[in-house]
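Below: one structure in structure tokens.
For reference, chains read A, B, C and D in written order, and residue numbers begin at 1 within each chain.
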Amino acid sequence: MAQLQAISSTSSINIASYGSKRRIQAVLTSNTGTGISDLTKGVGLRGKLNKVVLAYSGGLDTSVIVPWLRENYGCEVVCFTADVGQGIKELDGLEEKAKASGACQLVVKDIKEEFVREYIFPCLRVGEVYERKYLLGTSMAWSVIAKAIVDVAREVGADAVSHGCTGKGNDQTCLSTKLASILFLQGDILEDPANEPKKDMYMMSVDLEDAPDEPRYVEIGIDSGIPVSLNGKILSPASHLAELNEIGGRHGIGRIDMVENRLVGMKSRGVYETPGGTILFNAVRELESLTLYRETIQVKDSFALRYAELVNAGSWFDPLRESMDAFMEKITETTPGSVTLKLYKGSVSVTGRTSPYSLYRGYLLL
Amino acid sequence: MAQLQAISSTSSINIASYGSKRRIQAVLTSNTGTGISDLTKGVGLRGKLNKVVLAYSGGLDTSVIVPWLRENYGCEVVCFTADVGQGIKELDGLEEKAKASGACQLVVKDIKEEFVREYIFPCLRVGEVYERKYLLGTSMAWSVIAKAIVDVAREVGADAVSHGCTGKGNDQTCLSTKLASILFLQGDILEDPANEPKKDMYMMSVDLEDAPDEPRYVEIGIDSGIPVSLNGKILSPASHLAELNEIGGRHGIGRIDMVENRLVGMKSRGVYETPGGTILFNAVRELESLTLYRETIQVKDSFALRYAELVNAGSWFDPLRESMDAFMEKITETTPGSVTLKLYKGSVSVTGRTSPYSLYRGYLLL
Amino acid sequence: MAQLQAISSTSSINIASYGSKRRIQAVLTSNTGTGISDLTKGVGLRGKLNKVVLAYSGGLDTSVIVPWLRENYGCEVVCFTADVGQGIKELDGLEEKAKASGACQLVVKDIKEEFVREYIFPCLRVGEVYERKYLLGTSMAWSVIAKAIVDVAREVGADAVSHGCTGKGNDQTCLSTKLASILFLQGDILEDPANEPKKDMYMMSVDLEDAPDEPRYVEIGIDSGIPVSLNGKILSPASHLAELNEIGGRHGIGRIDMVENRLVGMKSRGVYETPGGTILFNAVRELESLTLYRETIQVKDSFALRYAELVNAGSWFDPLRESMDAFMEKITETTPGSVTLKLYKGSVSVTGRTSPYSLYRGYLLL
Amino acid sequence: MAQLQAISSTSSINIASYGSKRRIQAVLTSNTGTGISDLTKGVGLRGKLNKVVLAYSGGLDTSVIVPWLRENYGCEVVCFTADVGQGIKELDGLEEKAKASGACQLVVKDIKEEFVREYIFPCLRVGEVYERKYLLGTSMAWSVIAKAIVDVAREVGADAVSHGCTGKGNDQTCLSTKLASILFLQGDILEDPANEPKKDMYMMSVDLEDAPDEPRYVEIGIDSGIPVSLNGKILSPASHLAELNEIGGRHGIGRIDMVENRLVGMKSRGVYETPGGTILFNAVRELESLTLYRETIQVKDSFALRYAELVNAGSWFDPLRESMDAFMEKITETTPGSVTLKLYKGSVSVTGRTSPYSLYRGYLLL
């Protein structure tokens, strides 16, 4: 299971094996047409494959790859699009387009719930902090896609998967954004970390000054470290996050302006919006202050640093991450409860916490 | 040097040795007169001492201890008051009062700068987080007092020190507050962590809703991890913190409402105000994001967790803390620079960072 | 579940609650008769209890406690002896003796397998190191006793448990020794850490110089981090450890001479013998070098440091320890295999390792 | 200073800057002549350099590089050989050979003491463990060479440095061996980790069975975590290590047979001999058990894990490593003392420890 993350590395042909039953190759293309032609000259087929599943956006890039794959591998191409809430319009006509490019089939899968439930919320439970800021989602976006495309490959009997990324980073950012409701902004003004981002760069959240003059209170219900309800209403993970993104965005919550480490020694400026994530992060921690002992919190936090290093290194399917989650699952078993937060002009303040397992005023039983 | 912290533990006679030259005892009193009398019956003198330095507030509690010390130890009593900015009025007449109680002398020392420079700012450099919140000062307040009183004992040739704490916690809180400009609030309403604190409990900061509608920008200059200037003006540590406390307080910055761990398994509710500390904490971290590599930050943060555990356990004078500071001093050597922050209705947002050692856009020299 | 460890603390009356159903008190006695009498004067019964289970050795100390408990609590006393392999002779006549002291019943329980399976081997899986040496058992010996006595209390419907420890440490040591086959030696010569232990102090292991001139090879089979077989023969946990104790002892394996930290700032000298534990510790680690990635080992080792701190602090029943074991269980899932070790005059050298999950020479699947 | 380690990476041209004054390039060659010629065709000079310092062994590989460098960069070539104790014979005639290859000069530097003092002993002080075994030296061998060659480049006014490594690993191993007196063995039999190494593979240490029947006692004097004397005689770092290598080797001490992690997911078998390192590692730790508090040891050990990760990643000149050493220097300030160890047939047992700062039996000063 540990090999799959390699699918998102670029510039060479990768072979991925997910699980143990049968091996599915990952064919990674470079979309600079000429370069590819040059490289393949004299070798005829790059290799024989029967059926390849291609991560497909309908854009020019991915459309070009369909014939390239057929030509180089002599294979059928199944296009795959993850429905991450981009709306009916964008999916409209996608099947015809895929087939026009030479694909034999378009498979569309809704993975919103899976992503939030299996990836985002476990990281929230950990209290994972990305470079000291409360930011969910960027590093695990590719993991869920990688898993989904391999699942489709299994279902349609393909022997390889491919994605059309140029490795330039834009596709990945775009994808992450839609998946996690994290908005990543970049632009000329941001190039200098001494400059403040412009107002009109933000898409999910209003400016602090434009937020309502009245605070908004939200009550988050949490079970086993996972958010389960909002203001008393049980919500699915993706709906929960979506609703908080909207509420939080209206109050200017969750804007993050940071200098990140892209590669060893390479810093870059990133501006993000993650209103829902910021609210939930605060809620989970407040509840833990009530239900976990000091030493437990200290150990959990030191594990969280390691967890974050691992996930940010792209090692989601590593047994180490799974083992750390076994720890997190167990330690949060006794942390049900709810937290009330006040949202006001960009700030999140706690106003109440309750839990049947509260250690507050607990008498010492010695 | 490691033994001094014991001076603040209660309910028994402690012997403290600070440094190696000569030993100075710490005599801890319980100020419930009768209890003391009962205890001392039949033993005559508790022990013979020549001169004792008493931490003296001028309040009833400490005034009672002067004769108690003389009676029980047959010693002269030197009263000591730390000038922590309580104003001339409070110090006025203090010497007469002390002498009226039987003291031979009153020594007043201004330790504001020392406290901020030697205790608060090093913790800031570490990025120390107290139970996951940005809170400076509570745990080291006693360390600076302990050190100051022992220094006075040396100067006046005393062979013991004493403080008048009842161990009930109020004196300590009061003291910490004045020292660190941290406000600690407690009251009936706070007893239930499900309740929001009342508006009129706060003393240093306005309510978010009452803060100005215009944001305020502050530029913090930092050298070797330590704040050195504010808006281009060089300030001493204590003045720096004081000015930011005032500015931040006006914008509702730094209110902290938390459930803490007092003793093993004992949770309590605490509400604090630390406007200046919150601003500086953010400034230091933002600068590090520009000047330190990712792995360096990860290691520094994992050390910070340990540092916080140690300091919160009261082990300020432990060689371990000193060794950790040797690490912190070295790692922040190359982090001069400045950070501009926007303060607005309780929120602190970074709007600019610059450093001559910035790793941003640095080309890799391989 | 977290409260039980308190049962082994001394010098005050402790109340233990194990599990949530009903509370069972722990009555801790001081066996210095007069002191007790003085204390109890004027209060009549210390408290009313119906039935108390007493950890009973048959020695004078515990025999004296039976009437003391009856007198002070007006209760029936059930004596409990853990069969930890002390042989039939020692158990012979124990029931009569107990009844002669005033006990209504003697319960004998064999907990050898439980101790090794539930306590010793999980610590082995962690790779727990006690103050940097490979030492199993001391810190968890009291945990298994505590659990066993509470189990008995439940079975016989008692409302309290008691043990006869003087708190002087000898009983505890004696008990630990029998349970874990760890021998703890102390004596005048050891008082100075500059002296070498005398030959005749050791009981389980021969001197290195007296060990056979021929090495002995043992093959340890391991599954999920737990030893399961010895030289191809499946063995129960306690038999496994016992057999290796004998084999290892004959070759001078597992002598440990260390300066330990008893209390904060108190160092003591300890000399231990743990032949079987030393062999197994090496076997488990060698196998992991074959089956775990470098980063996984690094994280596991940093968790092991925390685990050891926790267990040595007596917090076996803490949810934190249980959560750490959830991590350990998961991370060792894929580490079956076997390791061959050569035992020769006190040294353990690895001579072979095999595993179906070996990562050695594994081709990278990218 | 942080960039230098890159000099040992292979397969591309690297630019190294050591210090801030002026930049010195690192020219890395691949010694497969034809490949290079092909690559350079059509580009004439690869770049213009004035003077290059080449790490020079006198072997065929490095001799071929001299003309290659002159041809490709139009530069003078200064050969550099590190005197690491290979004896006069090997250095004999080396200058003539270098000049015959076209070099303008041969510089020979003795770096034995520097290596042990500046690299090996600091790691010893840390208690650095390489993949859980006590192994000194491998990972920092390249660091000292890198530093030495850049120093020479400065002295002779060169603008680039180069080494003739093929990147196949043999040169590096050979070099490390001589530098650190660590012997690294590899061969067919070792390919399967299930096989025991053959007797005749070892070069520094005798077989356990062939070691003397009489034990040998050594007394190591330590100051600030660094070994300073042997049996009461003050020795320089390199002499100290050399003498212990000989003594230890005669008693079969320090053989290490391990499965290592070479690259991510690549395991390899390594057999090492490090008699002196093993003895000193034990001595330093035994002394710390006497002079450091339990919590201090716990923190130091968790730092040591991080330190080892860093050093093994080749980041010796990283400010993070330097900062960690600032911690280590401070924490070991109060650990002078001496430790007596018994060496017998491959095992090292402590028989005595003394220190003026011993915490043993120290009375608590509260």
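We adopt the following convention: a residue touches a chain if its C-beta (ideal position, glycine included) is under 8 Å from a C-beta of that chain, and two chains touch if they have at least 3 such contacts.
Only a predicted model underlies this, so the values are computations on that prediction, with no experimental measurement involved.
Chemist: In contact with subunit C and with subunit D at once: which chains are those? Just list them.
Modeler: Touches both subunit C and subunit D: nothing.
Chemist: Whole-Å distance, subunit A centre to subunit B centre, using C-alpha means?
Modeler: So the centroids are 41 Å from each other.
Chemist: Taking the mean of the C-alpha atoms as each chain's centre, how many Å separate subunit B from subunit D?
Modeler: 45
Chemist: Give me the residue numbers in subunit D that touch at least two other chains, ranges are fine.
Modeler: 293, 302
Chemist: May I ask you to sort the chain touch graph into line, ring, star, complete or other?
Modeler: Ring.
Chemist: Using the touch definition from the top, list the residues of subunit C that touch subunit A in their complex.
Modeler: 3, 6, 9, 14-17, 23, 293, 295-296, 299, 302-303, 306, 310, 318-320, 322-324, 326-331, 333-334, 365-366
Chemist: Give the list of subunit A residues in touch with subunit B in this complex.
Modeler: 131-132, 191, 193-196, 208-209, 213, 215, 255, 257-261, 264-269, 285-286, 289-290, 293-294, 297-298, 301-302, 305, 309, 340, 342, 344-347, 349-354, 358-362, 364
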